[in-house]
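Labels run A, B, C and D following the written order; every chain starts at residue 1.
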Amino acid sequence: MVKVGIVGGTGYTGVELLRLLAQHPDVELVAITSRKEAGMAVSDMFPNLRGRVGLKFVDPVDAPLKSCDVVFFATPNGIAMQQTRELLDAGVRVIDLAADFRIKDVALWEKWYGMPHACPDLIAEAVYGLPELNREHIRKARLIANPGCYPTAAQLGFLPLIEAGVADLGHLVADCKSGVSGAGRKAEVGALFSEAADNFKAYAVAGHRHLPEISQGLTLVAGKPVQLTFVPHLTPLIRGIHATLYVRLTAEVDLQALYEKRYANEYFVDVLPAGAHPETRSVRGGNFCRIAVHRPQGGDVAVVLSVIDNLTKGAAGQAVQNMNLLFDLPENKGLEQIPLLP
Amino acid sequence: MVKVGIVGGTGYTGVELLRLLAQHPDVELVAITSRKEAGMAVSDMFPNLRGRVGLKFVDPVDAPLKSCDVVFFATPNGIAMQQTRELLDAGVRVIDLAADFRIKDVALWEKWYGMPHACPDLIAEAVYGLPELNREHIRKARLIANPGCYPTAAQLGFLPLIEAGVADLGHLVADCKSGVSGAGRKAEVGALFSEAADNFKAYAVAGHRHLPEISQGLTLVAGKPVQLTFVPHLTPLIRGIHATLYVRLTAEVDLQALYEKRYANEYFVDVLPAGAHPETRSVRGGNFCRIAVHRPQGGDVAVVLSVIDNLTKGAAGQAVQNMNLLFDLPENKGLEQIPLLP
Amino acid sequence: MVKVGIVGGTGYTGVELLRLLAQHPDVELVAITSRKEAGMAVSDMFPNLRGRVGLKFVDPVDAPLKSCDVVFFATPNGIAMQQTRELLDAGVRVIDLAADFRIKDVALWEKWYGMPHACPDLIAEAVYGLPELNREHIRKARLIANPGCYPTAAQLGFLPLIEAGVADLGHLVADCKSGVSGAGRKAEVGALFSEAADNFKAYAVAGHRHLPEISQGLTLVAGKPVQLTFVPHLTPLIRGIHATLYVRLTAEVDLQALYEKRYANEYFVDVLPAGAHPETRSVRGGNFCRIAVHRPQGGDVAVVLSVIDNLTKGAAGQAVQNMNLLFDLPENKGLEQIPLLP
Amino acid sequence: MVKVGIVGGTGYTGVELLRLLAQHPDVELVAITSRKEAGMAVSDMFPNLRGRVGLKFVDPVDAPLKSCDVVFFATPNGIAMQQTRELLDAGVRVIDLAADFRIKDVALWEKWYGMPHACPDLIAEAVYGLPELNREHIRKARLIANPGCYPTAAQLGFLPLIEAGVADLGHLVADCKSGVSGAGRKAEVGALFSEAADNFKAYAVAGHRHLPEISQGLTLVAGKPVQLTFVPHLTPLIRGIHATLYVRLTAEVDLQALYEKRYANEYFVDVLPAGAHPETRSVRGGNFCRIAVHRPQGGDVAVVLSVIDNLTKGAAGQAVQNMNLLFDLPENKGLEQIPLLP
């Protein structure tokens, strides 16, 4: 049994981790921390867990995290970097669901995240936890930087075209739409039901923190810089990201065959038949990315549609997938839930 | 392995059955029928099942239903009664998710459902499949009448008070609210997004088919007639029923203790702590009924709040629970999915 | 032109007042206050008002409220009572959309609202602003206590039966459902989209502040105490209240005729044809209350269905209706917007 | 008074026309037709109109359409072209809210709409009713082709850049998101609440009928062909379109100044301050288009955000705007409703 600790379990990635880990046959949940809610039963906050998670939130200072095999950080940005070294030194593996270790260029990270980094050397060591790109490095890692939600959907959509060298790297467009749970379980006016329901808007067009993360990933694969226009939008659903990607093709390519081949052995990436349109609900609560590729009017623009559940493949599910890799478990262990439709 | 057939798999109870059965370790899905969609891959209609359900819809006449151990009818009312006898004669057990066998009084059934009944003798044999009330009869049944969604939420909420003999049976009120999936996957204007979203209404106040079903159940338990006012409402959620029950108390009673004791050994019925308010999302996709009991201002009116997922405990999940009983499997086998929250 | 000031304009009742008053031909908007947002253009916060409301929020101490003809308080409970006397003394009429002057029994108010009242004598003077009940008193008032949202829907629904003396006053039930805007524009976790969407729950079953308000109103009409069980619920719509009222009849009565006659001359109360079910969307953005009456199975229980828009007839619209009465304007002036459907 | 007839009033553009026209001070509603619902009171179908629209649906053959000054067709594609000539010959002006007269190239129209055109000569005469582009022609027209919803949002967003000659016409992208009311009030499974709520998807990526309409409009302005990739998406709101437009700039330009100048005198087009993100709810029920322009990271891609209410500026409101032009009324007469927020 893998002994698991969770730091910061009161948000949506926290409860999603709990849902998945409580159903994982090889996991023992040891501790879940919350400074603010210490002493409260986890299932009092999240009644879907009644009868399944008996833990109470504990104060971080009291939590036996060093006796865990792995600790997940489901915390705001800037927390994991304070505590990771101590855990690693104690032999504990760390999976950070926040952004502390995602950007390799420290100065770039500090610019986008607005704070000095506490442990730049660990950035270098951290492995970016996108298994479909990085599986073998993940297996041997001590520290995983779990990808962001938009970056997961966008990179899985762009990768085959960029690996194949048929994309105009100077004009990539990622028009992405997210459900409101991506904003977290924080009390903010903009995420109120009466603000976000029956409403649609773009946000952060001038620059979103996931832009450098996606660009870094694509640049690494391309071997040269890419120019990406990334526009995130808020759409009135709870869970789900839909990335619509526009790529100018620089050479002839059989899009459908390219994508099917690239993901033929990926359990969690599902390439739909030609002509299909993936729906976010088809991955609701599941750790899947479903992708369809189009070439409207036979022109030179490829349109890639990529959907994930932002809390599952876009956060907690991918973190468990990474945990499975770290501990030599089947990659889909505990992650086979069929998405909930309708 | 229990060999399972499904008749009429293109509606919401059909896809919910498939979701649950495809994850059930002791089930082999043999056939799923649809006259209209014969030949279509099930996962083309329901992409959440891609990679998990390989079956195609088959025409009912071609389906090897008689070689199944059990057949679920997820059909409109009036279909199961045409086909049940032949299956029973072939040694197949039948679980009808529609209403054909729910009402013992044939004339009453014919009045509410507006058609003659095809096999009144089988009504007599059929066992009403509410395990928390009827478990031992279910184990030995050949034919199960799976309860309606409102009746499940309402009866589980009313039962302890009626069994304890402390309810004024002349003035029961069940104010019930259902998500739109209860209306099924039929193309009807009233169930369109643009009609049902951001809207709330009562319907069928003059009389809903679930009224005689609930009344029959309560009358049986009470041993005398009950007078129930039942008002169903449509609320803009996909899944979920919230029953708010008003009962005049005729004697002193410790409500909390009564409910906790009644359901102490019921895996799927969860009595919340005193003062709680169950949310429909706490059972979304799970086979649970969560109940809280109140006595506002210490008066003589008990208010019982009872929530279920109408497609799971209110339909397909309860049907699988009944199947487990029929085949001596643990009652919660394949039904342990943690509800999806948020 | 009626010169109007608004105290506390950053909430949902504030923006609804602005929407209505900006379109009112006899109104001059003089000032709108907000301590926190002083200096901000109102239309920067509420872009639906761009081009129509040119005001900026001003600090309350700077606002020329005493030169107004009427001041609306769209503030949290406990604010209006601090400032009303000074305004009344300056000859300004006051309409409080909060609860400060709704309950005549000071001790009862203080118990439910958890604070001492600042000016009990003004409670005595204040007129409860339900025009359909109290029109003539409103015309002559200096100070209007604008009713709560649930109390408006519930009282308009109960009134005809109680006035006619055919209701069992010992067992009234009001099962009410509200859209989330009723919770206001405050940053609270429970009102987040990801908490409230696709979810339904009761709340405050043990006691909601609108209970004594409704009871007071019904008691006054009945001339003797009533026993009311009031259960509010949160439903995933932005605007709308649906009250489902259950009344035991103590005498024979033609429900339809009773209601049609009672409201025959009320512009804002619409009695639907027999058998109808009012929808909340049929009053979305309009100052109407639509009511239907039923008597299921011809029994002794009347079921009254009453819908309003909680921000319009349940708050700002009714306040403008009261203003029209105060200034001898046609009661529906500026309030004739047709509800938005779909 | 302008005497108005409506052909086909049972859909969402029909009820929206009725809402606007019933509040228009210079309009007399003469007749509204529906073959299927002839004899039914309009307000029985659309209860928001109770007390405001007294008409009944009449069979088209009985409707006194020739005595109207103008007839609106709120019908499926292919109906208006059958009846327009007769009306024009009788001196009645016609505004078609469907697509029959939008595409000048008859063969192109027939290809996309899959039927022969009944009166190609009238296509030549028809004026495309986008007032911000075509105002003077509209004033003198007999026959108006009212623009589609996506084409309105997209063209108003693209126009300034194309008129200024600073757009790379070879690679325009329009990523558009529509509320579900755009699918109409037809009973279709895909538009059911349980299918469309809590879900997001693209559709018709291979080719949508609004593509040739947008391309035609942009080509006319540019004076040369444009290449447009247009991807429509379905988002779970009732009303609203959000167009996100991506344009490679071919020359330096002050985007904000360009847009502000272009629309300085347009009552219904609102250019937001630099850095803003328009929300669909800010135009809910209003005839406005709100636009914001961005240039992320100072690169060579302009991102234009354009929102409308698909039923108002995207259909019925724009039709009334065109009617106002036809009859020399102030362009915003009857169209000044403030959008409903929240």
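A few comments on the model shown:
The definition used in the following text is that a residue touches a chain if its C-beta (ideal position, glycine included) is under 8 Å from a C-beta of that chain, and two chains touch if they have at least 3 such contacts.
Bear in mind the structure is a predicted one, so any value in this text is a computation, not a measurement.
Put simply, the chain farthest from subunit A by mean CA position is C.
If each chain is reduced to the centroid of its CA atoms, subunit C and subunit D end up 36 Å from each other. The centroid of the Cα atoms in subunit B and the matching centroid in subunit C are 39 Å apart. Chain centres here are Cα averages; for subunit A and subunit C they lie 45 Å apart.
Residues of subunit D found to touch two or more other chains are 12, 179, 181, 185, 194-195, 197-198, 236-239, 278-279, 281, 284, 342.
Because contacts link each chain to all the remaining chains, their graph is best described as complete. Within the complex, the subunit A residues that touch subunit D are 171, 173, 175, 177, 179, 194-195, 197-203, 205-207, 227, 229-231, 233, 235-240, 242, 244, 246, 248, 275, 277-281, 284, 294, 296-297, 299, 301, 303, 305, 307, 342.
Contact residues of subunit B toward subunit D in the complex are 12, 179-181, 183, 185-189, 191-198, 236-238. Subunit B contributes residues 12, 15, 19, 22-23, 46-52, 181, 185, 197-198, 238-239, 270, 272, 278-279, 281-286, 290, 311, 336-342 to its touches with subunit A in the complex.
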